[in-house]
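We call the chains A, B and C, going by the order they appear; numbering starts again at 1 in every chain.
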Amino acid sequence: MKKNKTMIFLFILPTILTLLITYVYPVIRTVVMSFFKVESLTSTTADWSFYGLSNYGKVLTSTTFLTSMQNMLLIWIVGGIITLALSMLMAVVLTSGIRGAKFFRAAIYMPNIISAVALATMWIQYIFNYDYGLLNNLVTALGLERVKWLGTDAKFWAMMGAFIFGSVGYYMLIFISGIEGIPADLYEAATLDGATKVDQFSKITLPLMKGIIKTTITFWSINATTFFLWSKMFSPIDTEASTIVPVIYLYDMVFGGKGVSVRDAGAGAAVGVLLTLIIIAIYAVMNLLLKDSDLEY
Amino acid sequence: MKKIIALLLALVMVLGLAACGGTETTETTEAAAGTEAAAGTEAAAGTEAAAAANYDGVELTMWSMWSSGEPQATVIEEAAAAFGEATGATVNVEFKGRELNQILTASLEAGEKIDIFEDDQSRISQVYVDYTADLTEMAEAAGYVGYPALNDRVVELAGYLNSIVEQPQVGGIFYDKDAFAAAGIESEPTTWAEFLEVCQQLKDAGIAPLALDTAYTNFTFYYHLVRHLGEDGVKELALNGGWSDSEGAVAAAQEIADLVSAGYLVEGAPDEYPSSQNKIGMGQAAMIVLANYVTAEVNSTMGVEINWGLFNYPAVDGGADNTCIYGGANSLAVSSYSENQQAAFDFIMFLTTGEWDQKMADTAAQIPADPSNVCNSLPGAIETLSAGENLMSWCDSINANPDLMSSFKTLTAELYEGKITTGADFCAAMDALY
Amino acid sequence: MRINWKKEAKFLPGYLIVGIWVLFTAVMIGWIFSASLSTSREIFTGTVLQFKSGIHFENYATAWNNQNVSVFFGNSLLYSTISCFGVLAVAAPAAYVLSRWNFAGSKTLRLGLVIAMSVPTIMIIMPLYSLTVAWGLKGRIVLILLYIMLRVPYTAIYLLDFFGTLSRSYEEAAYLDGCSPSNTFVKIMLPLVQPAVITVTIFNFLSVWNEFFMALIFTSSESMTPVGVGLLQIINAMKYTGNYGGLFAAVIIVFLPTFLLYIFMSEKIIAGVTGGGVKG
């Protein structure tokens, strides 16, 4: 097919402008700032003084930052595996031809349409409540001791569980639209050839959904690295080490959380740069592992 | 145009009053109605400057930390309307809610139109100090006194008076007097040993001694730590480490560990706010270490009228500071770039002294900002704050090392959970953070 | 229709998996709903489902009157609708072009979109904020523009994959019929990815509807506040005044319209996904 240069240019121009204004400018400013001693985020460049890599040094030796990174990695890896596996499972079940698939799909996706503020409130005030919460009612019904779901031991996992519950529906929808994009006659042919459901899944569904899986992993990585509101909701008054994540760390440092009197926008910028680098690294690795398949069917 | 605005504001006031009628006591409503009638002439009684001034055409923007619908917000709106009638100024109040402190810095830095803003006193004097006007002269001219101890702290931190107290707070151990009576406890404990005895008596009577929510474990332990080391001592440790070598720190953590292992915390504590504090309202727990707002919160959430008492945190053996009491405030500041600083200051005075302050104190069940008013929700609070020469901050010494804050929070939670069982372990865990 | 039990039995594990999940959701929403009709005391003493003191519909009145909920809804509707169309207008053409042709800078642009999407919003909001202040931009238009621009990378990347699955034979046929490239895009290619467009629009709509942080920073008055921020303000007001029944009522009030809308839209997805022209 012929390339039409004018059309290509006109089609991508608005997107390029968007990227320049909303991303390139702020990101460059932030990257530059990470090498300067800057107290206030909106101070003019005249007030910045060159600081070399000291911001990065400060951040990387901070125990709080390292704890937050550890939490983030747990959310990314453990939470990611659980979320994507559950979403794929739900998607496969719902496209297998069971009755009421439309209803289940709507119901499973539902947590996503509730604002995170409301959803977190439901989990904290009801599901995890020590005295009358749903989980402890189940636990006592089984004759076991009540669990402090929001104690220091379990809080992080409680937060992750609630987050996963809210996320599954979203990835499930993406998987479903992927599976349904696969021509049904491929499955029909496979069934005629006597392939089992599991065979069909591993031989047809997974390979054809490479692109979609890559997209979902990228989305999840972004969600995990920019995780913010849930952590805030689970430690409502002050930031707690058990639920802290890098964005919260950055936030407290740049904006001054409750009780923070020393602000350091330069170090905050360094955290932002590190997070962005991590995501870029993940994306690069994904590209190597799951090469774009030019399958046409 | 102004008339229309005034009419609208009056309408808002009336609607606000009508809305109050259902929940507030009739007493409050009557007081409010009286105020409305007298607004034009009498309202400025507390502030001569405001009465004399004519601010026709002046428009003030106030960013408030309350959300519309909260009693404080209702009072502020009414006061703004009354101030408008008395002086001709228009006060636009934006209710930003508690999230205000997450955007205030950015907004001030960006030069957003804000004349008056509201936040915690120590944040105003530390975080926003570059954007606050010096109120010293205006305060002197208006004859403002307030609570000297609170104002002195502002001057010490900010270098000048940059905020006016709006909602003073006082902290200590709040308790249910009826629970104490039921357990046969006759006097408030003054030492740690007496306090433990009281705990045991309560426990024997079948009432859990202490309620505690995770949100406040850091404050609760901070109080104990300050008793042993003083705020300066704690700051020293926070900045330089060496917790294990500090006898006071080890002893403080050990005493708390013992308190926990003796079973003096209510079941589930430390719990998720506000589950544990509500247990006082259910008669399951008797005491809590917190600031005065806990009384109103528990009362309204649980729909009860607890017979609240307050005593100072008990003295410890060999403590460096056995008398300090938590005192703090939500305060009002004027932005340094405001074009109407005097008008803004006059409105602050209008709101925080005299009649409107009394109304705020009664409606929101808090301590009046004007010591010449009456504190109905917690008798004695005004005297405590006025006399308080030795006030403790809300964890400022720990917060002096921002890298420590979140870990301190989690470690204190583990201490109260009973997960950390000795003072030495707690201090070792703190030292591991440096 | 007769039920083929043998066939259904094969699906039993599947029914169990989604059934338990949905039951859990239902119990949670159900409890929130009954809590919204109870008093705070009943909530904290764990006697929510018993309605001993009657059913407290007044919680809804309190939550509704507490702040101008209808204004919040109106704002959210305005922001979400306009930005959904705006995002599509900007992102869909770019996604189409990127999925079809390799040209100078196409790889960079693709990578740029992914990187853009991965930058923590918090990092770009502040420089943008000072920018809008420096240029004197204010009000709803700023917020809508930002919503559009910040959703572009996500939307473009999402649509890329779907344009990529379309066969090139469509364009070839259109070209032979003398259809101009931009006409081909609007009349043929865009309708072919309609399911993806609907899905991504729903995602965009909901994320703008529930958006919190930017709305907090870029709206300086309550008349511009959307639902996300409004809800937290109501929740906080209820929390600090101890009205937990009202708190949960506010949650339900805010949740209901999006839920109804979603049920309606989800039907569209299902019809669209299976009826597309992808088979070949």
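Keep this in mind: contacts are C-beta pairs under 8 Å (C-beta built on N, C-alpha and C of every residue); 3 or more make two chains touch, one makes a residue touch a chain.
Since we're looking at a predicted model, the values are computed, not measured.
K.L.:
Enumerate, in label order, the chains that touch chain B and chain C alike.
P.N.:
For chain B paired with chain C, the chains in contact with each are A, in label order.
K.L.:
By mean C-alpha position, what chain is farthest away from chain A?
P.N.:
Centroid comparison gives B as the farthest chain from chain A.
K.L.:
Between A-C and A-B, which chain pair shares more contacting C-beta pairs?
P.N.:
Between the two chain pairs, A-C has more contacting C-beta pairs.
K.L.:
Would you mind pulling out the distance in Å between where the CA atoms of chain B average out and where those of chain C do?
P.N.:
The separation of the two C-alpha centroids amounts to 38 Å.
K.L.:
Can you compute the centre-to-centre distance for chain A and chain C, using the mean CA position of each chain? Integer Å is fine.
P.N.:
Result: the chain centres lie 16 Å from each other.
K.L.:
Rounded to the nearest whole Å, what is the centre-to-centre distance of chain A and chain B, using the mean of the C-alpha atoms as each centre?
P.N.:
Spacing between the chain centres: roughly 37 Å.
K.L.:
Where in chain C do residues touch two or more of the other chains?
P.N.:
44-45, 126, 129-130, 232, 244
K.L.:
Mind pulling the residue numbers of chain A that touch at least two other chains?
P.N.:
41-42, 125, 131, 251, in rising order.
K.L.:
Could you pull out the residues of chain B that touch at least 2 other chains?
P.N.:
Those would be 102-103, 106, 109-110, 275.
K.L.:
Which positions of chain B touch chain A when the two form their complex?
P.N.:
Residue positions touching the partner: 101-103, 105-106, 109-110, 120, 122-123, 126-127, 130, 214-216, 218, 267-268, 270-273, 275, 394-396, 399-400, 402-407, 409-411, 413-414, 417, 419, 433-434.
K.L.:
Chain C touches which residues of chain A in the complex?
P.N.:
Residues of chain A touching chain C: 1-5, 7-8, 10-12, 14-16, 18-19, 21-23, 25-27, 29-30, 41-42, 89-90, 93-94, 96-99, 102, 104-118, 121-122, 125-127, 131-132, 134, 168, 170, 173-174, 176-177, 180-181, 183-185, 211-212, 215, 218, 221-222, 225-226, 228-229, 247, 250-251, 254, 269, 272, 275-276, 279-280, 283, 296-297.
K.L.:
For a test of understanding, state which residues of chain A touch chain B in their complex under the given definition.
P.N.:
So the residues of chain A in touch with chain B come to 40-43, 62-64, 67, 124-125, 128-131, 146, 148, 150-153, 235-242, 244, 251-253, 255-263.
K.L.:
Which stretch or stretches of chain C touch chain A in the complex?
P.N.:
8, 11, 14-15, 17-18, 21-22, 25-29, 31-32, 35, 43-46, 48, 89-91, 93-94, 96-98, 100-101, 103, 109, 111-131, 146, 148-150, 152-153, 156-158, 161-162, 164-165, 167-168, 171-172, 175, 181-182, 185, 195-196, 199, 203, 206, 210, 212, 227-228, 231-232, 235, 244, 247, 251, 254-255, 258-259, 262-263, 266-267, 269-270, 273-274, 276, 278-280
K.L.:
Would you mind writing out the residues of chain C in touch with chain B in their complex?
P.N.:
Spelled out, the residues of chain C in touch with chain B are 39-41, 44-45, 65-67, 126, 129-130, 133, 216-217, 220-222, 229, 232-234, 236-244.
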